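Look for chain A in each of the two complexes below; its partner is chain B in the first and chain C in the second.
After this line comes the complex of A and B, so read on.
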């Protein structure tokens, strides 16, 4: 059986930073999965992302805060979702699945699960309106991710 | 480069049992994934199941997003099943259509860290029935406010009903290097 779930790069923060970039992503996989487990340094922050430095993303989401459910859609919104990374602890995790990221004839779909047990949970899908292969992912926020936050990019092969 | 999505252990019930448990979980991975499929041996409607880490019985919280239907519709709840364990998925009961089992996935990042443990849960329980509370689709965020590394995991129903025969659970480890 081929090796199909391989770590491409991982970043465990030794110092607080507002941006993590995975660059020179090889095009030898079928899909990518980004796993995040994070804490904000001070103020709560919304994760955002860019693909190949572009933020031409639209999204539709389905979210719950423990009291009510909501859904919505928006265009040109590079905020990953409605869940925040809290400064109160490592409550936030995200699993982002980039489908057929190296395809050069189709726009790219991204499936995301965001979780913060003190704020809520959600599932969303984004579309990056570009036919370019994804070779870089920047995951960032308006404030810093704290020391100890982890970001790992995996590659999955269909065969 | 190694394949880093590795099976650690698998449980398949040959007879009904109160729980499915993984013990002595190696501390050599980065994240854990549990894929499990189950049904309850009793009960009348879809039920939620819970999990405990390391036998710990306090300090759990969760928020879910679920469609349990048709009566409840789409809703979001806090601390489903209480704070003595954490929500781990919906599953059909003996009152559901015969031979229907749930499909659930639990993702646990950084399970050996000295931080609190956050989890992600995706769950479906579909019985091809329009009966009350006979199907569910749910997502959940969970947290154990405890810094101990996770060494054991127990899955059980919230109501105390046994898990039915042929329920299965597989624990996988993922390495980031």
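After this line comes the complex of A and C, so read on.
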């Protein structure tokens, strides 16, 4: 059987930055997985992403904060979720599944699990209403991700 | 990386892997994939080798349901064929954009992924949805089998009612037999639509 869970690129921040871009993503995989462990440099921030420079994604989520559960949705929204990246420590992690990212017959679905260890957890799906193959992912925020934050993109290839 | 200190030629790499052989995780292997060229009522993976520790199924699919934007998926496990007895239980937590809800069922003839929420798309909504399903310790003959999934679809509010949603489900197959067969069926539609994709992976321990 072919082995197929390959790191495409890893970015460990040596300096604080507001944007991480994975570009020229090959279309040789079936799904992509982005794994994030991050801390904000100063103010708390909401992570966002763009696909092929487009931010026109809709989303639906549910979240829990230890006291209650809630759900929300919005159209044409590019914020990944409701969990913030805190400046107080590496409390935020996320796993984003870009399903059939190079399929050119269907809109793209992205499944996301976001966790902030001191705030809450959530699951989210968003759709990018485009049949174009995803060849670039920009993960960014209104403030900086701090030094030491890690962003790793994996590819999974189906037989 | 700085050029300070008189260093005039420095290789700049975009990632930590640059310049090194790519590490390939040999513990995660593709077993089989089905991408539909025509609408199909069910997908079955059979004769699954017991050589892995866990299984993962990655689904990108749409059904022919015409009334609502989303649909669920029925999951059955078995040894040489799918077990159709009342040997399953499942619980889920879902959100539809307005509220979060949970529910559960016992003594069922299948595990339902997305019982209260669409986890894949439908003809009505016009989009595909995704599910990542993990079947843990699937070949262990001393345990009942547990399943977990993360699934969802978002049709950007195109359809009313049972549509845009996100869901996590836990499932149980009350059998100590090794899992050799996995069957997936639409919950409400009669067929998975063309281009739906179902990929089975094995994870070694």
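Note that the second predicted complex is superposed on the first by the 159 of 159 C-alpha atoms of A that agree within 3 Å, B and C clash if a C-alpha of one lies under 4 Å from a C-alpha of the other, contacts with A are read in each partner's own complex, and residues count from 1 in each chain.
One rule holds for everything that comes next: a contact is a pair of C-beta atoms (placed from the backbone, for glycine too) under 8 Å apart; a residue touches a chain by one contact, two chains touch by 3 or more.
Keep in mind the model is a prediction, meaning the values are calculated, not measured.
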Look at where chain B and chain C land on chain A after superposing the complexes, then choose clash or fit. clash
I'd like to know which partner A:31 touches here: chain B for first, chain C for second, both or neither. second
Can A:135 be said to touch chain B (first), chain C (second), both, or neither? neither
First (chain B), second (chain C), both or neither: which does A:52 touch? neither
Looking at A:117 after the superposition, I want to know if it touches chain B, chain C, both of them or none. Which is it: first, second, both, neither? first
Quick check for you: in the superposed arrangement, does A:7 touch first (chain B), second (chain C), both or neither? both
Have a look at where A:67 lands relative to chain B and chain C in the superposition and call it first, second, both or neither. first
State the stretch of chain C that overlaps chain B in the combined model; pick it from 2-10, 20-28 or 110-118. 20-28
On chain A, the footprints of chain B and chain C overlap at residues 1, 3-7, 10, 62-64, 69, 113, 123
Quick check: in the complex, which residue numbers of chain A touch chain B? 1, 3-7, 10, 35-37, 39, 62-69, 83, 89-93, 95, 113, 115-123, 148, 150, 152, 154
Going by the contact rule set out above, which residues of chain B touch chain A in the complex? 1-5, 30-31, 61-66, 74-79, 107, 109-110, 113, 115-116, 118-120, 122, 139-143, 145, 174-177
Could you list, by residue number, the parts of chain A that touch chain C in their complex? 1-7, 9-12, 14, 30-31, 58-64, 69-73, 75-76, 97, 99-100, 103, 105-107, 109-111, 113, 123-127, 129, 156-159
For chain C, which residues count as touching chain A in their complex? 1, 14-17, 22-33, 58, 60, 62, 93-100, 102, 121, 126-132, 150-157, 164-168, 195, 197, 199, 201-202
